């Protein structure tokens, strides 16, 4: 498996569709313990990437990812904007170095993206944020790749890791982001950013296993 | 029958109680085609008269009515304030002249009050206001007194006139007061001021026929 | 509650206003001399109208009533006694039966030369000889500002009244509500309205307007409002310069008021009308109603001069 | 909708502000020279914050985001390029993860000397090392006013930042909501709340606060808010003079804000604290939320001077 811009564009379409499908799930979470704009923010980001299709087609993957990062940075805003932008910047930088020519390289690039996101948000696992999905997914992706599992098996592992990570946010007290103000009252709700990440990751995994186009 | 301040004070208590009892009926009407404050305005007036009890006791009826007028003028406000104040002023002036020593004299004084109210509001019957109750009541009061009916029969006539007058406001288009702005949309609702007048008149009639105290 | 709110208002603006109880009225902190005293008043629930406009260049005194209920004559009389300065008293009164009657009784009892300007800018209700006439709404702010200004120049009572009457004649307003207001004592909304309907031509007491309509595009609603206003103002608006006031009724976000301003300005421009002055904000409210009114005042040099002149009140301040 | 609202804002205040699209930012009409450029920004929905505070004596530029969503770094960079005047750029940022990160990225990319003042006056959330810290709310207006004033004197970047940080350290706010706000894109209220409950410590995005309580007497609620503020400010308030800001969150009648002011002033006085300056109105809103916040800023001579100095912006104007 090689990461190509063509795939990135297909992934963007899948993500866009999945976000719209899961609007009710995502929106309600940021309303419960945030400020209700997370769904709209993520959708604005997905729309932006989809609209870049012509501009990106034919570019090397790292350049495409970089352009996406810059676009997201000026499109999403809020907490999600700099975080997702940092993710794509980190991933682009890593792909540029390692080429993204096999599954492990892609997994490592994903992890590099997550690392950039962590740096920007000064966050860590257990704070009831998107990191509770992204970090276990990054680990699982790398471990499953090292074990040389099939792409299908890797995707299954990743989807499970994302779901487990998401579920873990329910009982956490938020200590980062807007929900941190709620203290104990944040318990019992899933995190909106974790949910949107899980939805996006699931969409991309489904695309890998069973391409729609 | 002679109009005495003692009766005026008892009437004020009856009116206060009746207004409170009919709060839901009155309030909803001014909300429907007015601005929702009529109940509170009338109650504020009734409370004010009741609270003057010590000050009024022992005064001649015309002086008591005059003091009530001045008090209402500075207590009620809105459209109802100057109208009711004018009513009591007009009535006081007439009582001062004719003494209020028999039923017909009282009826004439009541009519003089209504006349003062008409002058202040530049209104007439058929405009969907309190005049649609007060004017027929004034007529009935005088006619029944001329025919030398019993007090009980007069009260029955007056109550019927008030009810009929109130009912007549339902199909009128308002052309005076706040509801005038609605034009045809005012059709189908009773007028709030007509309702409060009917309630007060009924309360006083009941007091005459079947004194509570 | 009214008492405490008035106290809070006075304390927050202690440099500008004094407050008197029983009867309730507010005056400028520094009594003005050698000018016509300008007094207004009306039911509470429309704040900052009127007390928020007390101060240099605008009102000398204001008389607040109960919520949505005209103040009483004793208030106007006491206020007039406090602020009159031997050049007469001008009463600015919004045209509602209650306000008119209470101010009328006050005027009859006032021991000073006095005159009244009745504001009746609400063009929602088609005028007819059968009614009390049009209601006074947000255009009242423009009348109070300009009459306050001319009074400050030492103009006599007749000139003050003439300017007020002139402005009222060339000002038209219309309001629209998306939700009702709630009179605190009643505790429930004055009218029921679904999220999909609007009340076109609503009054500032939440009185129903000319019609209940289905919610449409904001632009279409605003266009309808501007059309009503221009129809009302007639020929006066041809190639005119106007003041455009977009007024929030209480619960409308400022963001939305600016959006309305944007569209209204465009509609006027399309008719060859120039918005030469503008005001956007909550100036004549209806407690907590979600909605807005649009007011257009046709300008001339005199009105412009008096609109632009310095004013220093709790709710309107410029040039000082 | 945001675009049209911004256009309307600019047109209504064409004498004061210029508007630029893609990226969106607003600046003073007349570029200021020889001073530190003061820039702020944040999600839409808090109007008049921040664009309403552009003008002489306050901000040089403001960057509006989407509703409740921080603006993006390209906006701050473009705004800084437009207004910097060789004395550096000061960014005033409300402390929210999103705002902090976006402004941080802008600051990293800015080709000019720059500094940031983070406002974090909301004492509803007890500070702890485990969180991002307190939120910036209505106290931001005080910071913007005073920092804007000192910048106007030609003070250098470090002095501007120092004053901003000082004011933030001695300012505390807390909000209370009676209803939710509705993010237009979501179309339904952010939170459900019964007519008998209040949300104590609500944020200006409608984020839930420290607790949901049963509605009590207004006085008791206000007393609780003042206690939270004074506890937070600690010894600084002893015999102090303060600025008391009662801020409406969008749908609260001015009448009620003055009522709150009245009680809050009384509570402070009982603690020997003097309200030497005051501001009452809608300055930092949460779209259409019914509720209010109380802000207390401990004054000293420097802050008083800069609060009192002339300011000429769409939403705050005095002395000019």
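For the reader, a short list of remarks on this structure follows.
Chains: A, B, C and D, in written order; residue numbering restarts at 1 for each.
Just so it is clear, a residue touches a chain if its C-beta (ideal position, glycine included) is under 8 Å from a C-beta of that chain, and two chains touch if they have at least 3 such contacts.
Only a predicted model underlies this, so the values are computations on that prediction, with no experimental measurement involved.
Considered apart from subunit D, the assembly falls into separate touching groups, namely A | B, C.
Chain centres here are C-alpha means, and the one lying farthest from subunit C is A.
Between the CA-based centres of subunit A and subunit B the separation comes to 73 Å, rounded to the whole angstrom.
Averaged C-alpha coordinates put the centre of subunit B at 54 Å from the centre of subunit D. Separating the CA-averaged centres of subunit B and subunit C is a span of 33 Å.
In subunit B, no residue touches at least two other chains. A linear topology is adopted by the chain contact network, the touching chains following one after another without closure. Contacting chain pairs (ordered by label): A-D, B-C, C-D.
On the subunit B side of its complex with subunit C, the touching residues are 27, 31-37, 39-41, 44, 73-83, 85, 120-121, 175-183, 185. Across the complex, subunit C meets subunit D through its residues 1-2, 4-9, 11-13, 44-45, 47-48, 52, 246, 250-263, 265, 275, 278-280, 282, 285, 287-288, 290, 317-320. Of all residues in subunit C, those touching subunit B in their complex are 23, 43, 65-75, 96-98, 101-102, 104-105, 122, 124-126, 130-132, 135, 183, 185-186, 190-191, 201, 203, 205-211.
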